[in-house]
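What follows is one structure encoded as structure tokens, with my remarks underneath.
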Amino acid sequence: MAHVAEWKKKEVEELAELIKSYPVVALVDVADVPAYPLSKMRESLRGKAIFRVSRNTLIEIALRKAAQELGNPEIEKLVDYIQGGAGILVTEMNPFKLYKFLEESKKPAPAKPGVPAPRDIVVPAGPTPLSPGPLVGEMQALGIPARIEKGKVSIQKDTVVLKTGEIITPQLANILNQLGIEPLEVGLKLLAAYEDGIVYTPEVLAIDEEQYISMLQQAYMHAFNLSVNVAYPTKQTIEAIIQKAFLGAKNVAVEAGYVTKETAGDILGKAFRIALLIAQELPEELLDEKTKE
Amino acid sequence: MEYVYAALLLHAAGKEITEENIKNLLQAAGVEVDDARVKALVAALEGVNIEEVIEKAAMPVAVAAAPA
Amino acid sequence: MEYVYAALLLHAAGKEITEENIKNLLQAAGVEVDDARVKALVAALEGVNIEEVIEKAAMPVAVAAAPA
Amino acid sequence: MEYVYAALLLHAAGKEITEENIKNLLQAAGVEVDDARVKALVAALEGVNIEEVIEKAAMPVAVAAAPA
Amino acid sequence: MEYVYAALLLHAAGKEITEENIKNLLQAAGVEVDDARVKALVAALEGVNIEEVIEKAAMPVAVAAAPA
Amino acid sequence: MEYVYAALLLHAAGKEITEENIKNLLQAAGVEVDDARVKALVAALEGVNIEEVIEKAAMPVAVAAAPA
Amino acid sequence: MEYVYAALLLHAAGKEITEENIKNLLQAAGVEVDDARVKALVAALEGVNIEEVIEKAAMPVAVAAAPA
């Protein structure tokens, strides 16, 4: 039997223990996250989740061990999602909330050559703290309208320097870094999350909040319509119910040409509008002075 | 609606809107007149400033046309 | 407007809109009834498709409610 | 406008819009009738679908949106 | 909707909107009254200024024209 | 509105809208249930095609908003 | 839609929208609960001001008035 280092045994032990003691276990990829943002992220996770970076092989062993000890083979499915530089994150947040939280805690990061732009990169118009130098020429070469104003470099107008998916060149990275523009994003990339026998992938977890909001609104409108249409009054709908009844009554009266204090205006108005519209169809010489107005 | 048009015709012609006048008009048009409707109409129009009402009716046009 | 409400109450209740029914209702509400107005209303409503007119009033919001 | 109201009264009453009918009506309203205008009105209305116009008038905003 | 019309009839007639009055009216219309619905309606109307609410409804164009 | 939501939840779940079911739901939501309101709701929904009613826009204000 | 109605019922009842509360409600309605949907719903609604969202839905007139 191959010798296994003592620290590895201990590490697996600890990881398995974590996996066993939280309802939600997520795998995250930290390969692209530099040390500093990573420590920032650890901070923001404090109190919400426990986060451990380890070796992929040790995570795999720990998952299998936890699955066996819990008698829950489902957890082992997470092994298939280990990728990059994996870390393990255990929490009580539901996987959807966890995903949302991780997305929201992504931080802007400086430009790196060779990396695709996650979205259009814009150099905004306005003054910069940069002093005149060779950089101005480089900017102009890249189509950035830079000028010297009051002894500093100033950008004349908002300029898109790179479209989504285009690769950042070393020259551009340098310029963006000098300007203090951070076009990239770093954060923990969720690979998969397990809870209650189900493994959730990012595609499933990326919920469209707008859609839920429109569903809420639709549900509310349904309730509103139901309440008003069957005249079941609630605090929110009593006014609409009264208005519906009133307008129904008024419309019937107007349609019938039954003049009351409330309908006189509508009925006379309607008759007048009809007359006006008819008058519009008539030749000019037929109209008297008043109608022409 | 013929009762309403009769009232407006009288108004446009500068005549008073009375039961008799409306009745006359409707009869001239060959309408079999329902006295109750004439009565009710004249009563309802009492105190109504027709000129004003008509002007307002033309107004929504202006309001509606307003929003940019 | 109480005369119109009475008529619509009858309509909503599936009852016939007759002079007598309207009168009854108005009296039950403690209104001193003007026969001419009752007559006029019933006459005016003849030939009006109440259901349709009410519905017409409610319609356009459907447009509005349709989520963009 | 009294000529137009006269025509609409006839239309609402289900009568034909003829020169004679309009003249009768206007005279009953005490209006001094201009024969040429009556003639022109009747001729012009021949090509107008009054029912359609009435429908349009029920929707003030639509009307409102119309004027260019 | 007959319950609501009953309430509006009472309002238009200047009477108080009480469970009893609504019930009376509905019975006069020949409606089999459901006490729970009467109760619910009267409770919902408490504190509602009907006049104001109706006025709001009567000005559809103004409302509609108010830009969001 | 919680009573209406309860009814709609039942409807969406394909369950019958009965007083008991609504009461159960409201209690599960921690609402102190008013029996009269439950009764009134069930009575109001009797014979109603919910699918149709929830899609039918309720606010009649829009006469003015009728699209051109 | 029953999940959304459950959320609105909780909101209207002044209760917190938690996985447990929604699950309870759905089970009380006899719905076989899909945990993932509950989780997704609760996560999506976190931080959403439901009152505000609903109010926006309640103003269809403004929408309707928006000229095309």
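Letters A, B, C, D, E, F and G mark the chains in the order given here, with residues in each chain numbered from 1 onward.
Just so it is clear, a residue touches a chain if its C-beta (ideal position, glycine included) is under 8 Å from a C-beta of that chain, and two chains touch if they have at least 3 such contacts.
Each chain and its UniProt protein: A = Large ribosomal subunit protein uL10.
Keep in mind that what you see is a predicted model, and the values were worked out from it rather than measured.
The greatest centre-to-centre gap from chain G, using C-alpha centroids, is found for D.
Of all residue numbers seen at the chain C-chain E contact, over half occur in both copies; the interface is built from largely matching residues.
Greatest Cα centroid separation from chain C: this falls to A. Our note on geometry: chain E versus chain G, Cα centroid distance of 30 Å, whole angstroms.
We define each chain's centre as the mean of its Cα atoms; on that basis chain A and chain E are separated by 45 Å. Measuring from the averaged C-alpha position of chain E to that of chain F gives a distance of 19 Å.
Per-chain CA centroids place chain D at a distance of 39 Å from chain E. Touching two or more other chains at once are residues 1-2, 5, 8, 40-41, 57, 60, 63-64, 67 of chain B. Chain contacts: chain A has residues 217-219, 221-225, 231-232, 234-236, 243-245, 247-251, 257-258, 260-262, 269-271, 273, 275 touching two or more partner chains.
Residues of chain G that touch chain A in their complex: 1, 4-5, 7-8, 19, 35-36, 39-46, 48, 50, 53-54, 56-58, 60. Those residues of chain F lying in contact with chain G across their complex are 1-2, 5-6, 8-10, 12-13, 15, 21, 24-31, 57, 59, 61-62, 64-65, 67-68. Per the touch definition, chain A reaches chain E in the complex via residues 231-235, 238-239, 241-250, 262. Contact residues of chain A toward chain G in the complex are 94-97, 99-100, 195-196, 198, 200, 204, 207, 209, 212-213, 215-224, 236. For chain B in complex with chain C, the touching residues are 34-37, 39-41, 43.
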